[in-house]
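Alright, structures below, take your time with them.
Note that chain A is present in both complexes that follow, paired respectively with chain B and with chain C.
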Partner chain A sequence: MKTLALFVVLLAGAMLVYAGQDLPPFGDSTTDMYQNRVTQRYIAGTEVESGVPNMVTALLANYRGYDTLGETTVIFTAGVAVMLLLRRRET
Partner chain B sequence: MSRIQESVIVRTIVRIMVPFIELFALYVIMHGSGGPGGGFQGGVIFGAAIILYAMIYGIAKGKERMPVTLDKILASTGLTIYAGTGLLCLFFGGKFLQYGVVPLLPDDPAEVSALLIDAVEIGIGITVSAVMISLFFDVSPPESEEEELPAELPISTYREA
Partner chain C sequence: MTGIIDIVHAEYNYWIYTALMMIGFYAMIAKKNLIKKIIGANIFQTAIFLFYISLADITGGTAPIIWEGHEDVIYTNPVPHCLILTAIVVSVSTTAVALALIIRIYREYGSIEEDVILAARKSLQPEFSEYARQKGGEE
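So, the complex of A and B:
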């Protein structure tokens, strides 16, 4: 069983490394993803519209703010579910 | 059977480290808008500080530091801060979470947006840290099975041992 698990882990790792070969080099500006007009729109608009220099935060909390509110709600709900299922009650 | 860590080195190092880890968590949360970081990461680091303390000093001591009731209140407070920020924007005539409309600094909507993003990050951080701590306490063994150790043993006790 342990050998099987090790085999599965190694296989998954090898697949990830193999897939990683296809990634564009870091900072490459010739990829389709970079030249997509949505990307260009965010790169141009982030600093002016949201006022924060970090683009990830601007997307997370400003452009996709509603999504992040949902994420936080998911974490809160998960916490409450664990509370209800596992918490020992003093009887 | 869970054992409280007895080694005086570990206990002392943890007592020194915990405030710095908490400080670093606050830095990561507040730095979220200017660099790598944010509410989720900072909240987890803050939770890890309390969890580390509870692991070394025992669950009972940890719950003394972070009472279960306070934890419950904090978990929902963070989410309320986030949703409240969104409702504040509705109140001033914008869309939900459209930060620019809030008249905090009258001439610069981008600056207001940056401020409110920080508020939102703080809300996320509070919720995430409270949920992390409550998860740890929920899956930890009951306090009654812990060995009780005095908080501070005199140094002579360790010399004799």
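So, the complex of A and C:
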């Protein structure tokens, strides 16, 4: 059983290494992800549009506020689930 | 040989994340202890976080916080940082629910070892089916 698990893990690792050959080198600034106009717009527009110096905060709470609202739903659901699971019933 | 070393050195972040992900995956599928399975899942998630954050890095770039009075500052990419902030919250939520489930399992079966729980379930099976039959008869 452990050998089978090890085989599956090594297979997954080999697939990841094979797929990783197409990824850009570490610290490359010429990638599409960094030169994308969405990224450049966020970097250039944060100070003008939101006035927050921290770009990650501006992204999280201003540009992607609805995403953060959904995130709070996830925390709420997890809290309710934990409370329901750990409640001791009075019988 | 030097070619291989150069390739590994240029993309060492991908090798580290692959190694971490393999460790977490192995712990998730091979360990019998449920807490160790959760630790494996957390290592797996951390590998994903590391992958995204390493993709965001730019050589010579600073943290994505506006540096007053300086022009032509290279900032690292803030978008993956934001995505991973959300993913960390989801990771904490799933870990909390999983640990609560393990506490419930421990209260029912007195163990968090998977094979002990399965053996206990097997020995309890006739009672469970009897209970289900009575329940079905009532309705």
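In the analysis below, the second predicted complex is superposed on the first by the 82 of 91 C-alpha atoms of A that agree within 3 Å, B and C clash if a C-alpha of one lies under 4 Å from a C-alpha of the other, contacts with A are read in each partner's own complex, and residues count from 1 in each chain.
In this section, contacts are C-beta pairs under 8 Å (C-beta built on N, C-alpha and C of every residue); 3 or more make two chains touch, one makes a residue touch a chain.
Note that the coordinates shown come from a computational prediction; the quantities given were computed from them, not determined experimentally.
Participant: On the A-aligned overlay, A:Thr68 touches which partner chain: chain B = first, chain C = second, or both, or neither?
Facilitator: both
Participant: Of the two partners chain B and chain C, which one touches more residues belonging to chain A?
Facilitator: It is C that touches the greater number of chain A residues.
Participant: Counting only touches as set out at the top, which of chain B and chain C does A:Leu11 meet: first, second, both, neither?
Facilitator: Neither partner.
Participant: So, A:Glu49: does it touch chain B (first), chain C (second), both, or neither?
Facilitator: It touches chain B, and chain C stays clear.
Participant: Per the contact definition in the header, classify A:Arg87: touching chain B only (first), chain C only (second), both, or neither.
Facilitator: first
Participant: Determine, under the contact definition given at the top, whether A:Leu60 touches first (chain B), second (chain C), both, or neither.
Facilitator: In the superposed model, A:Leu60 contacts both chain B and chain C.
Participant: Tell me which partner A:Pro25 touches in the superposition: chain B (first), chain C (second), both or neither.
Facilitator: second
Participant: Which residues would you name on chain A as touching chain B in one complex and chain C in the other?
Facilitator: 47, 53-54, 56, 60, 68, 75, 78-79, 82, 86
Participant: Residue numbers of chain A touching chain B in their complex, please.
Facilitator: Answer in residue numbers: 47-54, 56-58, 60-62, 65-66, 68-69, 72-73, 75-76, 78-80, 82-83, 86-88.
Participant: Once bound in the complex, which stretches of chain B touch chain A?
Facilitator: Listed in rising order, the residues of chain B that touch chain A are 32-36, 38-39, 72, 75-76, 78-79, 82-83, 86, 96-97, 99-100, 108-114, 117, 120-121, 123-124, 127-128, 130-131, 134-135, 138-139, 142.
Participant: Would you pull the chain C residues touching chain A in the complex into a rising list?
Facilitator: The touching residues are 10-15, 18-19, 21-22, 25-26, 29-30, 54-55, 57-61, 64-66, 68, 74-75, 77-79, 81-82, 85-86, 89-90, 92-94, 96-97, 100-101, 103-104.
Participant: Applying the document's contact rule, which stretches of chain A touch chain C when the two form their complex?
Facilitator: 1-2, 5-6, 8-10, 12-13, 16-17, 20, 23, 25-29, 33-34, 38-39, 42-43, 46-47, 53-56, 59-60, 64, 67-68, 71, 74-75, 77-79, 81-82, 85-86
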